[in-house]
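Please find the structures below.
Both of the next two complexes hold chain A, though its partner changes from chain B to chain C.
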Partner chain A sequence: MRRFDYYQPKSLEEASALMADLGSEASIIAGGTDLLVEIKEELRKPRHVVDIKKIPGLRDYSYDAETGLRFGALVTARDLEIWAPVIEHYPNLRTAVAALGSIQVRNRATVVGNVCRASPSADTIPPLIADGASLSVYNRGDERQIPIEDLFTGPGRTVLVPGDIVTGISVPPSRPQSGRAYIKHGRRKAMELATVGVAVSLERDGDTCTEIRIALGAVAPTPIRARNAEALLRGRAIDPAAFTAIADAAMAESTPISNVRASAAYRRDMVGVLTRRAIGQAMGGV
Partner chain B sequence: MTRIVTMTVNGQEHELPSPANRTLLDVLRSEGGLTGTKKGCDVGDCGACTIIMDGKPVNACLVLAVEAEGADILTIEGLQHAPDRPHLLQEKFMEHGGAQCGFCTPGIVMMAKALLDETPAPSEDEIRFALAGNICRCTGYTKIIEAVQSAAEELNKARAQ
Partner chain C sequence: MTVHDLPVATRQTFSVVGKSVKRSDTLEKVTGSAVYAGDIILPGMLHGKIKRCEIAHARIKAIDTSKALALKGVKAVLTHENVPRVLHYGSPHPRSASVTRDQYILDDRVRYWGEGVAAVAAVSEEIAEEALGLIEVEYEPLPAVFTVEDALKPGAPALHDNGLDENNVLPPVIVERGDIEQGFAEADLVLEGEYELGRPTAAYMEPNICVTQWDGNGKLTIWSSTQTAFMVRGALAEVLGVPLNKVRVVVDHMGGGFGAKQDLFQHEFLAALLARETARPVRMEFSRKETFFGGRSRHPGKIWLKQGFTRDGRITARQARVVFNSGAYGSHSPGVTNVGTAAMTSLYRCDNVHLEGRAIYTNTPIAGAFRGYGVVQTYYAIDLQVDEAAEKLGFDPAEFKLKNAVREGDIAPSNHPIVGHGLEDCIRRGMAESDWHTARKAPKGDGVKRRGWGIGCEMHGSSAYPGIKEQGNAIVKMNEDGTVTLLTGTAGLGTGAHTALSQIVAEELGVPFEDIAVVQGDTDVVPWDIGAFASHTTYMGGRAAQIAAADVRRQVLAHAAPMLDAAPEDLTIVDGLIMRTDGSNRSIPLGEAVAPQRGMPAIQLVGVGTYTPTKSYSFGAHFVEVEVDTETGEVAVLQVIPVHEIGKIIHPVAAAGQIEGGIQQGIGHTLSEDYVIDLTNGRSLNPSFVDYKMPLSMDMPPIRTIILETAPDPGGPWGAKGVGEDPIIAIGPAIANAIHDAIGVRFRHYPITPENVLDALRAKSKEA
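After this line comes the complex of A and B, so read on.
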């Protein structure tokens, strides 16, 4: 592995000042399951690695029916996978974290790290976008919130600037008569990157769909919302006859590439199939 | 810059020198002389380097040695009760032929131990789910699963008595 300097700041203030000083040649390490692979494979060549694991308070996670789910930057995928409130109230996020790498990886990998890595195929991002989750960001004394759907500017790129330390993620509470689903599509059940990922979160009032968010992974340079597809269902009666049109709209909003895992045409087809299926699953949870 | 990393390995405190860019896997194997933990893919795909760190199974290739400061580490060498007394899981792997070339075996045994610590009576699906990150290219996994099931049964029998 290439050489780098290693820092262990003890506070957010110290970490933020350090990252601002070190600039673009510094990388944050939390779980390290992506960063260390990227350093070994020379995909990333940081001169400085800033370990945020000595900063207190970032390992906390909590759930409240009024305020929803909140977890810190050091909470691992495995922490959430085996935690009853996530299993009960956020089955979409549960599916995503349980499908990320292996248990060994999930015991180190943080969900915030999976989001900040900004991979178009990251499993945790579609369900978090569909649920309207946001990041809490600290930068030299200032704190701000960024909706996760506004975070990404391209593969591996985000709106975050030097000095930003993401401290955690907040996910709104589930309302009565709401349902959520995430479907990961791959060639095998485990140790797989998503070929396509589809998340649907919806709310209804009787037969009417009052709100719906559809998020697609691995079919565009960043995870995206399928807004045209959503508009075909929002405020309308839930009619399975309309699902084909909704699926077609989601396919039209996808701009997938062909790579070693699948062709663009196959990915687009799967967006249609999985969007329909995910809406069905989310309805089942209502 | 080389640091001295203090950690507990198999119940004994060790002070191991490591520069920041060295993995816990390399330091355990080279500086620690504990070569039971294997280096397969070195990128977290194969599970051959599985160790138990602070009670949780992790890939030692994806941990920097400096991140293990103060950690409690269990490797395959710490599993057996005495030089000639293998751990129950090791006995069961031998009995069931759960190893062929043996390279993946230490990682699989460590992962199986972590599983049984948490889930004493796992179903076959639970065993397969837990071992998803351990790649064996020889066996086809059937005998590995049988070995883990057999160890679980015996552990539970012993507990019931």
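After this line comes the complex of A and C, so read on.
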């Protein structure tokens, strides 16, 4: 493993200042399940690694029916996976965190880390986008919110700038008559990257779909919203016969690549199948 | 003592054999104290690394190592310019004809993407790694071929100069019996198909590793993760130009091998040379990526198969052309081609066969030995086509396979008559356990998900005899307190083999299992063994241990006879007690009988056993239920009922473990595992576990394992036969046949990916 300098700041201010000083050759480490593997494989070669685990206050997570779910940057996938409010109110996020790596990995991996890694195939991102979640970002005394949907600029790339420390994620509360689903397509059940991931979150009023968000993973340079597909259902009566047209629209919005995991054509096909299934599942949860 | 064809002892009751005793390596493994090659840390030890090429075929014009040598901490750099140039074989089976001398330790030419071109020893792994980046290699690219089709084309670049045309690794293997023309003339139905084989790899948990050290007398000790310690010793001695007593190979525990660790690898030579050059120990361990680049895969390739069948369900003719892709070097291709091709004479009876087997060099990673050794491939083709014939002729596939199953006295692929055949038993029992006819008639479902059942069959020889003139050896010593030490050359690659051998010795001697200690894995100490492959260890090493133990037993009884006023033949040993068999109740504890007497030296009780085999076959039939998602193409294996006939079972849990592990590997090979090579440049596309996906525990269906003892072998210990190779063979065709039952599509390749299923379903609905 390549050598790097290791820092262990004790406060947000210190961490942020350090990251701003060190610039682009520094990486933040929390769980390290992705970063350390990539350093070993020489996929990333940071000269500096800044450990944020000694910063207080980042391990908290809470749920409130009015304000929703909030979790800090050090909250692990496993924390959320086994926490009753997530299981009850966010079955989509729950499915996603439970599908991430293995239990051993989930005991260390943080959800914020999974998001900030900005992998197009990250499991936790599509449900968080579909739910309209946002990041809290700290930078040398300033704080700002970034909708997760606006975070990504390319594979592994985000709008974050040197000195930014993502302190946590907020997810809006679940409302009555809402449903959520995430379906991951992989080659096996654990220790797997999504070939395609589809998240659907929707709200209805009687037979009418009042709001829907569809987020697709692993079929574009970043996770994306399938807005044309959403528009076919938003504000309209829910008719299973129309699901196929919605699925077709989602397929048209995806721009997958071919690689050793699957061909572009297969990925696009799966966007169709899984979008249809995820809408059905989300409806079932209403 | 050499014993041929010893009659099997007729024993009805067993005290240790047949019981799932606590494995003798359990405690050290769960406490982490078991020593693997990677645990060896020696004073002054250096770390070695191999620089690998990123081009599939090239001549090395120049290598500049000056910058690497100048790096602080680098102690030596080896290239083709400063290592001995000795042409050697990779598959180290000097007793068989099946070796190909086509490798140099380092050559001035590279033949596949990922081949080693240089090696560094440095004071740390990091520095060695850094030094690799400082070695500058200038290549002159050569035209490359990646598929057997391209390698066989006229004018294709020749990879080796071995006197054979068209990149053949060995002269074509021809197996002929009867008259196929007459056979096809008698046929009512002729089926013909081409079967395409993927490139699964063994993916053992412990990467290849060795630690090398030379002593002041010019003797090399190498701790290596190898299945074939004596073969490594032989090849190293030959290439390094030293006698056998100057090479000591030590391998205590191993983290798996599955056949692929019975080659000689570049790093073993290079670590030995780096240690000699620096006069310091050298440790060299593959990264996971290197286990793909520098390891060995199963042979990919193609099988063209044509068979004739009569309306009443006989197979009249079988013709096949097998073309294996050997990769850049010959490795085990001669053995795999011979065994895989000859296997097609049998399984399902057919008097008229004409088989041609070839192995072809290409500029791809090396294919080598791997559990199932050529037979996985050829029986996949046969079983799928026989299944198809059953359907076309209106037979139930299990009934059809039962009707054609190999029988007692049939000539086996080894050209021996089959003694002890179990295939019919396996098929019958599996049909009963699965309630086969009901299962096959059950609705397949009319929704998105469809279900189906399939059967696949196999047989596999125990030991590589007669292809390799094998023998099993053992030394058994009884200590002066009645406890026992077994010295065996068999390797412990994680299968529990030494537990089984201890059970055999305990049973033969009449002592408790806990009284047996095993010394193994040190070529300076233990008797010669060919290695852990070809379902050899329990069958060959176990029989030799039994013979050696029987020898000690005779000596003990002769020694104790005067103490009990009886003739030796009127004595027995039960649970460590020497007893008269006349009902007189006179007995003496074993430890007391062999204890040193006052003023007398201890009696030396040493038995030596050597066993050369007859030919024995184990049999199996797998019954599988699958569910196919017709929208995603995903195939889920819902349950497997494997039925294996393996003669006397020594350790039921270990035997079942072999079977269930083989099924897990086989499911992977059939549905997902494929080491993919970019056909434009020869680069490996998935040399890591991120994209080479094996099924894990979460993916495994329930397995209802059934082991039969109905056809014991006259040679093995109490009739025991091998089980290691078998379980990976039948699962593939069983899955493919079950997929057909579920969705009516016959695939003729593996792995069968979701994408393949979806494409086939679309093609089918277009046709309809």
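The criterion applied here is as follows: the second predicted complex is superposed on the first by the 286 of 286 C-alpha atoms of A that agree within 3 Å, B and C clash if a C-alpha of one lies under 4 Å from a C-alpha of the other, contacts with A are read in each partner's own complex, and residues count from 1 in each chain.
Here, a contact is a pair of C-beta atoms (placed from the backbone, for glycine too) under 8 Å apart; a residue touches a chain by one contact, two chains touch by 3 or more.
Keep in mind that what you see is a predicted model, and the values were worked out from it rather than measured.
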Practice task
Have a look and say if chain B or chain C is in touch with more residues of chain A.
Solution key: B
Exercise for the section: May I ask you to decide whether A:3 touches chain B, chain C, both, or neither, giving the answer as first, second, both or neither? Expected result: both
Practice task
Figure out whether A:33 sits in contact with chain B (first) or chain C (second), or with both, or with neither.
Solution key: first
Exercise for the section: Could you say whether A:159 touches chain B, chain C, both of them, or neither, answering first, second, both or neither? Expected result: neither
Exercise for the section: Give one of first, second, both or neither to describe whether A:260 is in contact with chain B, with chain C, with both, or with none. Expected result: second
Practice task
Examine A:49 and indicate which partner it touches, taking first as chain B and second as chain C; both and neither are also allowed.
Solution key: first
Handout entry: Touching partner for A:245 - first (chain B), second (chain C), both, neither
Key = neither
Practice task
Could you look at A:237 and tell me whether it touches chain B, chain C, both or neither (first, second, both, neither)?
Solution key: neither
Practice task
For A:190, decide between first (touching chain B), second (touching chain C), both and neither.
Solution key: both
Practice task
Using the superposition on A, tell me which residues of chain A are in contact with chain B and, in the other complex, with chain C.
Solution key: 1-3, 41, 189-191
Completion exercise
Contacts from chain A onto chain B in the complex sit at residues 1-6, 29, 32-33, 36-37, 39-41, 49, 51, 53, 78, 101-105, 107-108, 189-191
Problem - Residues on chain C engaged by chain A in the complex (per definition of touch) - result: 126, 129, 289, 631-633, 672, 676, 685-686, 688-691, 693-696, 698-699, 754-755, 758
Problem - chain A residues touching chain C - in the complex, by the definition given at the top - result: 1-3, 41, 185, 187-193, 259-263, 266, 269-270, 273
Completion exercise
As the complex stands, chain B meets chain A at residues 1, 19-23, 42-45, 47, 50, 56-59, 61-64, 66-67, 111, 114, 129-130, 132-134
